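These are the structures in question, set out in turn.
One chain, chain A, appears in both complexes that follow, with chain B as partner in the first and chain C in the second.
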Partner chain A sequence: MSLNAATATAPLLRVEGLVKHFPLGGGLFGRGGKVLKAVDNVSFSMGAGEVLSLVGESGCGKSTTGRLILRLLAPTEGQVFYNDEDVFAASRARMKALRQEMQVVFQDPYASLNPRMRIGTILEEPLVVHNQGDRQYRRQRVQEMLDKVGLNEAVLDRYPHEFSGGQRQRISIARALMLSPRLVVADEPVSSLDVSIQAQVINLIQELREAEGLSILFIAHDLNMVRHISHRVAVMYLGRIVELGDVQSVFDHPAHPYTRALLAAVPVPDPEVSRDVPPLKGDLPSPVDLPAGCRFQSRCPEVVDACRQQDPLLTRVGPGHQAACLLLE
Partner chain B sequence: MGRFPVRFGGGVCTVLLLMAIFAPLLAPYDPAAQDLLSRLSSPSMSHWMGQDALGRDILSRVIYGARVSLYVGLVTVLVSLVTGTLVGALAGYRGGWVDEGIMRVVDVFLAFPGILLAIALTSVLGPSLHNVIIALCVMGWVGYARLVRGQVLVARELEYVAASRAIGASPVRTVVRHILPNVFGPVLVEATFGMAGAIVAEAGLSFLGLGTQPPTPSWGAMLAEGRQFLLMAPHMTLAPGLAILVTVLGINLLGDHLRDRLSGGRSLTKVKITGTKSTVSS
Partner chain C sequence: MTDDTSHRPLLDVRGLTTTFATSDGPVAAVDAIDFSVDRGQVLGIVGESGCGKSVTSLSVLGLVPNPPGLVASGQVWFDGTDLTTLSECQMRAYRGNRISMIFQEPMTALNPVFTIGDQIGEGLRLHRGLSKKAANQAAVELLTQVGIPSPERRIKEYPHQLSGGMRQRVMIAMAIACEPDLLFADEPTTALDVTIQAQILDLLAELKHRTGMALVLISHDLGVIAQVADRVAVMYAGRIVEEATTRDLFKSPAHPYTRGLLASLPGTRSGGRLAAIPGQVPTLAELQPGCKFKDRCGDVMAACDGPEPALVQVGEGHKARCFLHEPVAI
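Let's turn to the complex of A and B:
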């Protein structure tokens, strides 16, 4: 697979100032209560055929960002443009049409397939919803897709619980591709699978990406895998992107202290390798009570006084490489 | 206890159903036929449960009374269940002010004593079997609405529901195909208890003269008639009373069993635990 990012053309997906706050109640009718700032001003864009990885710890807002892009959640603020079309402004009919273009694969293959439906019905549903073809055509499409994901038609009349995690994830992928989308949000598609199965599913995703010309927003926390699969990578911390750039530059020259800590924490299969970056201490601060200034200050090994006052913005640190750290400004 | 409760419950329900369907075949006498010469006679070989104040055969009237009880129970539960499920699904799935509005109405209904409202309604509408059903349905849907709303709130967050929305499925399709099947189990349990409740309520209203009107045999009305002859002819009260007791007990036992089965075996997360064997060390 070539890792040349196809970013020369107009972006397929453009995310601008995306914000999602979840009210935590407290006040009457949810007013006046505290809010959880799950996603706090996230902007990026993706080209056609590109794989952009969104990485970060649990609870940093990766999945919420993915769901916002697909309009499975309503944003508090911000916009998402698909092919220069404002997704959140789309009418119901237009949104249904847009959904053919952008699909999702979820993390938990045990939860993402309806346990009461047969595999054939699950895979056929996208076509039924969009009124594509007659029964015979749909069956044929389902069989083609099963073939592509490496399953045979014997699975059609069986139920999800009869399959292993890896097989179910193949089924989820097949469902996502039934409508021939151009953009797939893969929300930690392999995190809940065994390591041996992870590689298989990742390879399948790569093959399908090339065959179908997909753009993939790959949400993950396994950095080795991210390096392997993506063109660009965005590192998220507490609802915000702190570093964004080509895989090569981010992995070889991480600019943000958080990225450096994450990379240092990646297991290396060599006991001789010493670690020059101290591991992160403490837990993720609560996204309800964010500190003033830089949100990474409480765990940053390089924190200075200014970090407690000023909230850093993404600034250019190299070609196609941005990071949000005061020390870089 | 073992399997006795469920067998008893199942048996009672089967007998009740058969009694209601085949009443004309099973009843030894016409339930309305009077025999004034043998009024209030005690149980005998020809009249197993004795005769009432007008000399009618009580056994036949109990058998026909099952029709009324079952009819009221089934219709009330069906209407309440459908209404409550629709309203609850709407509230749970839409959320926001729709949910807020519906649930406040539900709270008002729940805060009001059910049987009192039923008495008031039947008094206004006039005493009849169908007005009893209307009164019971006005109260009945509330429980289902609350139950279904809660279940929908849980099911709404399931990933396959999100996947269905991502596909572009309409809210109605998502609710019907992916959410309501999850709600079915608890609703079925609620329905069995609702049925027992409706039967008791009908008996109560008929006892007060607000329900089934003579000569239609209803267990509640039979109790009321027997009340005047409690010392002279206790069998008049005993037979319908026992019928109500056994029926309601049976249905409730069946409901208990269903609840245990459905909550243990078919919860939302069932798929994750299939195949795990419990290891018991002795």
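Let's turn to the complex of A and C:
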């Protein structure tokens, strides 16, 4: 895994000031109502062949960020550049072309495969939609991809319900790779699977990444898995990236108090290791009524007065490592 | 086993078998399992989906839906009484009173149309004959115990007004209302974020410490089990395949399945391949005779096709069901 080669070139994906607010209604004619700030000024970039993980607790905006990048949701503000091309400015036809390069694997392999379609049809569909090849070519490509994800051709005439979760996730991955994309957004691809099956699917994702030179935006909450699979990691809290850096620096030297608490909360599968940091108090605050100042102030064990007034920005804390905390500025 | 009451475990399950009727005939979701829990002890039951860990707890509590389910054989000795011989009415006097349970999904386990206070107080009104007012007062106290702020306001609220972590705290408050001797916690933190999970695990440990209750913690998360349990039983396809103290299990796992589970976890170094267990968990209907893990096992040998290995002693308080640990006569 050589990371330097990946980051030295121009980024494949550049996200700048991404914002997504969901109006909750309530006001007269929908005006003046409350707003849920799901993603609030998120910026990062990814090199070709790189695996960047977005981590954080439920409601931190990691999945919304993934969907915005793929333009499955319209942003409130901000820009996404794929190979220096503004994704949100792309025409309908251009967007369709871009989608061949940007694919997605969702969390729930039960909900993301059409139960009425045979596996063969599911896998062939991306090629049909994008008018690729004739029937024979498409058949051949489906075979090839099944092979890569470790399934045999006997599955082609079967329906999704006949498969286990792990097999379905293999099918979802095969479908995402049918068009040979450059970038795959994998939104919690293994969290619904059993432990022994998770390892199989993660190995598959790694192999395919190496073989196809994919960039993967890996959205997950399992920090051990994130550490295993990623080059870089972005920790999100209430719609913001609070820490961003190489996986080794972030896990070994977490700079933000939230990252430290998150890492300390992961149970270690070793009875002789005991947790020495007390768990964070309280719940994630509502993303509707955000406090002034730092978003983490209500749960932060190191909070000072300034945190209640000033909203910290990402600052450099080491090579390729940034964090947003006033105590670091 | 002697009948010396001073060494009698609080819960002693012997040969418990629970079957479910399917179109292919009855299949055993839980197959002749034995385990016991002492007062103040935490037993972890670990396994993957479909291994029978949840059915085990439902069987002990007499909550297996019948039909299609049936506790086909075995005894569940709880403090000297075999729970399987009790009528539904007699069982109700135990359940929620001396034996309690918390479930994985705190949203579906709470009734959406009753207030938090009503639901916590229900057990106290039923088992302790408390008045509504007294039960409400007790509910406030219980919510304080499980760390919910402003409990006086919360008891008048409905489940949808609470976050997932809060709901799980309410579930725990309900479960401990009658000061049970034994609490079954079935994946109590699986639906929660890690920071909330850490809070709930701390709370369970503190309650156990304070009240001396025994806890059966069912989880697929080896990290959670390692942090909380005193002893661990590993289940695979309805069978207990290994049982040991938590320390022994993690330090010297004896069954290839346990070894595989531990090896497949991502370590603290990044990169490399994970040691995945090949294949998938067999469905109960397609189980072959012999060892149930043989199709996925890296140590498979000729004997594995024969009769299933017995759960044999491999160390002090450490048992495993594998021919690697059993002299085989050929």
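The rule we apply is simple: the second predicted complex is superposed on the first by the 320 of 329 C-alpha atoms of A that agree within 3 Å, B and C clash if a C-alpha of one lies under 4 Å from a C-alpha of the other, contacts with A are read in each partner's own complex, and residues count from 1 in each chain.
Note that a contact is a pair of C-beta atoms (placed from the backbone, for glycine too) under 8 Å apart; a residue touches a chain by one contact, two chains touch by 3 or more.
The structure presented is a predicted model; accordingly, all values stated were derived computationally and were not measured.
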Which partner does A:Val268 contact after superposing on A: first (chain B), second (chain C), both, neither? second
Check whether A:Pro160 is in contact with chain B, with chain C, with both or with neither, and answer first, second, both or neither. first
Partner chain(s) touched by A:Gln248 [first = chain B, second = chain C, both, neither]: second
Which chain, chain B or chain C, is in touch with more residues of chain A? C
Have a look at where A:Tyr110 lands relative to chain B and chain C in the superposition and call it first, second, both or neither. first
Tell me the contact category for A:Arg175 with respect to chain B and chain C: first, second, both or neither. first
On the A-aligned overlay, A:Leu72 touches which partner chain: chain B = first, chain C = second, or both, or neither? first
Is A:Ala186 touching the first partner chain B, the second partner chain C, both, or neither of them? neither
Where does A:Ile205 make contact in the superposed view: on chain B (first), on chain C (second), on both, or on neither? neither
Within the complex, chain A is touched by chain B residues 100, 158-160, 162-170, 173, 177-178, 181, 270-272, 274
Listed in rising order, chain A residues that touch chain C in their complex are 1, 57-58, 164, 166-167, 194-200, 202-203, 206, 221, 223-225, 227-230, 247-248, 251, 261-262, 264-275, 278-281, 283-284
Chain A contacts chain B in the complex at 29, 67, 70, 72, 95-96, 99-100, 102-104, 106-108, 110-117, 125-126, 129-130, 160-161, 172, 175, 179
If you look only at chain C, which of its residues touch chain A in the complex? 48-49, 163-166, 193-199, 201-202, 220-227, 246-247, 250, 260-262, 264-268, 270-278, 280-281, 296
